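Presented sequentially are two complexes of chain A, the first with chain B as partner and the second with chain C.
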Partner chain A sequence: MKKEKLLEVEQLNIKFTTSIGDVNVSDDINFTLNKGETFCIVGESGCGKSVVALSLTRLLPENAVINGLVKFEGHPISGLDEKAFAKIRGQKIATIFEQPMSCINPVMRIGDQIAETYRANFNCSKKEAKLQAIKKLEEVKMPVNRYNAYPHELSGGMQQRVMIAIALACNPQLLIADEPTTSLDVTVQYQILELLQELKEKYHMTILMITHDMGVVHDMADRIGVMYAGNMMEISEREDFFKKPLHPYAVELLNVVKDPCHYTIPGAVPNLMETFTGCPFEPRCNKKTALCKTNKPESVVMGERIVRCLNVVPN
Partner chain B sequence: MLKYIFRRLLYLIPVMIITSFIAYMLVYLSPSSPAQIILKARYTSEPTQEQVEDFNEEYGFDKPILVQYTTWLNKAMHGDLGKSLTDGSDVWEDFIYSFKASAKLYFSSQILALFIALPIGVYSAFKANSLFDRFSRAYSLVGISLPDFWLGMILVYIFSITLNILPSFGYTSPKNLILPMLALGLSSSFSLIRLVRTSVLEVLHLNYIRTARSKGLSEGQIMMKHALRNAMIPIVTVLGIHLTHFIGGAVAVESMFAWPGLGNFFAKAAGSQDIPVIQGFVLLSAIFFIIANLIIDIICKQLDPRIDFHNESGKNNG
Partner chain C sequence: MSCLIEAKHLSKVFKDKESTVFKRKEIIAVDDVSLTINRGESVGIVGESGCGKSMLGKMLVGLTIPTKGSVNYEGREISKLPYSEIKKLRPRLQPIFQDADSTLNPKFTVKKLLEEPFVINDISKSEANQRIDELLSYVNLGKELYGRYPHEISGGQRQRLGLARALSLKPDFIVADEPAASLDSSVQAQILQLLNQMKANHGLGLVYVSHNLRIVSMMTEKVNVMYLGSFVETGDTKDVFENPCHPYTKMLIGSVLTIDGDKRKMGKTKVFGEPPDPKNRATGCAFHPRCDCCTAICKAEKPILKSLGEGNRQVACHHA
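After this line comes the complex of A and B, so read on.
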């Protein structure tokens, strides 16, 4: 079956210009999202996962320079001007963030924040928007009488539910979830993931999830992208990934999950202000060869899988 | 809420007693006596011993200080603030008269300052580091360094002397208000521009602004509905602190334009040791400040639902 593509990202380069030099956080990243799937981007902190996700809807700070082609439903959206792009945000692509407490307006009633999203995208009356907001509150399993509550009156899990309700107010096709469960405790994490899964099926949504939690990946993902130092190291289907990870970094990530108390990947994520002549993972890699230091690996396509490593030979 | 307001108003009682007592003591401690100053003004020559004693007896200044104070307090609690020693006018009426003058000047100038500072500050923050922002920052920095009475003099020079379209002093017609209002309003707008700019800029970097953008709101909606409301919280707090200018801050401008405001009146009374006037003014301004601060607190609560009146010590947060 040929899968329909919802989002295509080609040659995405992102750098931050700072007073002490440029920081390259995304280096020629390519990936596609198929309609209806959940794609997880994993990697350690500081690998540029969130930056890639936020760049898709241009939510990065002003010092970010984004280059590359992003196509949504076959139409390039990377060249749109701000006004046209605002119509895509919220209505077609919505985002939920980590730390919901700081991401919802502290002085506005939560119901109004949901209704506002709906009203901003569909020209409708206040009453209609309010009804829609109530419907969304029910969908995220919040008591409707919390419509008039302020964010600080809610628990972290409830706040994340509000965040989801805000994001889903306009029934977007693509939901970008940037570490949606990171700041929540384990039992609540599970509830939130379950809710996301349920809503995804209900609305046939596509989810792009950023996480560093392999448990979340295992539960949610259809496909997985492994990022390291601004590079997409491996993209593969979930089954293949957990059965036989190909890239040495992916292998290491799974090793950590198998024995989280004793095993860590030696070394640390490199400073992204450096430029790499070879493979960025080379200093920490246990399968490195002399070539890895000098030659930058290209993406190797192996059926459904894409791997960026000099030592992985196509079968 | 009502309970809170009532509790805050109860603070009035100790504050009134303490401030009026301190004011009384301070007058008593000063080396000259009211009799000396007032009689000298009345007879335009050094008063005799007999005149001083008569005067002291008439106004009760021969009694011990505590007796004087309690007598005054007792009368004040019955609504009688006494009469001015210098011209015999009623202290309450004097206060109301100059309070009205002060209020006119203060509120009109603050509204003017807000009208200038809000748009400039918000736009500055919105276009941070742009040419406009740089210009407005330089403009407000220069402005902050100018004293208000100097501004007043420049205004008088331009509008009264050169153009001759506005009176330079007086109180009777609405035209009289314009110059002192401009002087005070402009001078407070400079610091307000900077305050507005920083508070808006701070809010614009917060996560919920990013969320607002991700919802598909336009920049204007983000600014008006999300940024400004949050930025107003520190602005209103500072405006509340600025209320002290109501009395003290405007003295120079008031005396320059012969504006019969509170600052002007108070300075005059203090100079002539007019004890009933000083006492009455201290007492009534204390009441005014407490009520004004209460109003500011209520406005802040309306702006920021996180403020909890019943849990002021900050316990059990989170």
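After this line comes the complex of A and C, so read on.
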């Protein structure tokens, strides 16, 4: 069965121009999202995973220079003008963030904020919007009597639920979740992830999840993309990835997560202001050869997997 | 093993902001907690946010004075000592915080930050310099950082600098309060290994406060599970993680997502409710609103820690 593609990202290059030089945060990134799957992008902080996600809905600051092709349901959306794109952002692609308070208005009752989304996108009456908002609150398992509460009266987990309700108001096809549970307690994280999973199945949504928590990836992902220093190092199906990661960085990352008391990756993540002549992971890699320093690896397709390493040879 | 720190019936109570002259409202942060830490032993304290684990840690190193109860360090009660005496003990008892930034003066260079503990404790410059060299190689920081300010070094380096400062006066006892929580997994591993190495080399007592159960299970020998200010389960880490007895411990361990095994974990454990609000404490067992085996007695009577089976396992649950 051929999987239907929802989102295709081709040759995505993003750099920020700053007063002290350019910062390359995304270097020729390619990936596709199939309909109905959860795709997780993992990587250490500063590897560019959030920037890639934000660029999809054009939420980056003005000094970002974005090049590349993004196709949504087969139509290129990277060239659309702002007015046409506003119809996609929110209605087709919605985003939730790590900090709910960065998206919720602190001086507005939460119910009204959910209703506002309906008013803005569907042009419906106030009464109708309120009914819809109450329905959404129930769906995210919030007590309906909190409709008139202000955000500061809610706990972190509840705020997260409100944000999910707002994001899902228009039944988007793609939900981008940028570290949705990083700042939550394990028990609350578990419940939020359960909720996302449930809503995903109910609405046949596709989820693009950005996280650095391998435990979350293990439970949520169908496919996984590993990023390092602005490069997509490996894209694999979940089972393959956890059974046998291919890229040396992915191997080391899994080792460290499994046994942090005995493994470590020496060195630190590189400064993205440098341009890499070779593989960006080369200084920390334990499988490096002389070639790694001078030749930049290209993405190699191996069946369902894509790996960007000179030393991984397709068999 | 000799006993290093002994805490007996520690409580910490705060006056609520809404408290009035006529009606006093209290927030009980820590409620009648006792524990001992031996030399060379690491003890974990786990729980959700707001359960009082950090407050307990602060009381153990003498940064906060308990409302009730006592903390004994080598037979001396540190909670009753005058300031001048506590100051002498400070080098022996050191905290490490999650946010190393909050302990580093932003206007000091790395060199000055490292010298600070020696200056405060009147240690000669030559001795200090020698010790700083040792420390730097120990925490794997280079001398090229000397002239930098805290904002110019990375988060992992700051955390290691914090560790170096905590270690500089050769403490006996360290409370590490989420020392690796905000760091990436590869950097986290470096910090954890350093802590383990420290413990092995200096035979110090370590209290590891965290909400990351996976790391606590690897770092500690004994663990205390805390809920709303009290211990609900204590025992050897291995026992507790393999066979949790309290419903809360079960929920907590069940909600940890790991990469072990093939299967997904989601949906296997029933997890509900939010971390409780210390202002609105439930009657009887504080956990009963979230517990699925709650009965009448749980609502009426507060369970106390009871020994269970052999060993040092203790559980506070009517149904254990």
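By definition in this document, the second predicted complex is superposed on the first by the 313 of 315 C-alpha atoms of A that agree within 3 Å, B and C clash if a C-alpha of one lies under 4 Å from a C-alpha of the other, contacts with A are read in each partner's own complex, and residues count from 1 in each chain.
Convention: contacts are C-beta pairs under 8 Å (C-beta built on N, C-alpha and C of every residue); 3 or more make two chains touch, one makes a residue touch a chain.
Since the model is a prediction, treat every value here as computed from it, not as a measurement.
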Overlay on chain A: chain C relative to chain B, clash or fit: fit
Look at A:237 in the shared chain and tell me whether it touches chain B only, chain C only, both, or neither; answer first, second, both or neither. neither
Examine A:157 and indicate which partner it touches, taking first as chain B and second as chain C; both and neither are also allowed. second
Does chain B (first) or chain C (second) touch A:257, or do both, or does neither? second
Between chain B and chain C, the one with more contact residues on chain A is chain C
Quick check for you: in the superposed arrangement, does A:22 touch first (chain B), second (chain C), both or neither? neither
May I ask you to decide whether A:139 touches chain B, chain C, both, or neither, giving the answer as first, second, both or neither? neither
Just the number, please: smallest Cα separation between chain B and chain C in the overlaid arrangement, in Å. 5
Please write out, lowest number first, the residues of chain A touched by both chain B and chain C across the two complexes. none
Touching residues (chain side chain B, partner chain A) in the complex: 206-208, 210-219, 221, 225-226, 229-230, 233, 303-306
Within their complex, chain A touches chain B through residues 57, 59, 82-83, 86-91, 94-95, 97, 99, 102-108, 116-117, 120-121, 150, 152, 163, 166-167, 169-170
Enumerate the contact residues on chain C facing chain A in the complex. 48-49, 154, 156, 184-190, 192-193, 196, 211-215, 218-219, 251-252, 254-260, 262, 264-267, 269, 271-275
Can you check the complex and tell me which residues of chain A touch chain C? 44-45, 155, 157-158, 185-191, 193-194, 197, 212-220, 239, 242, 252-254, 256-265, 268-269
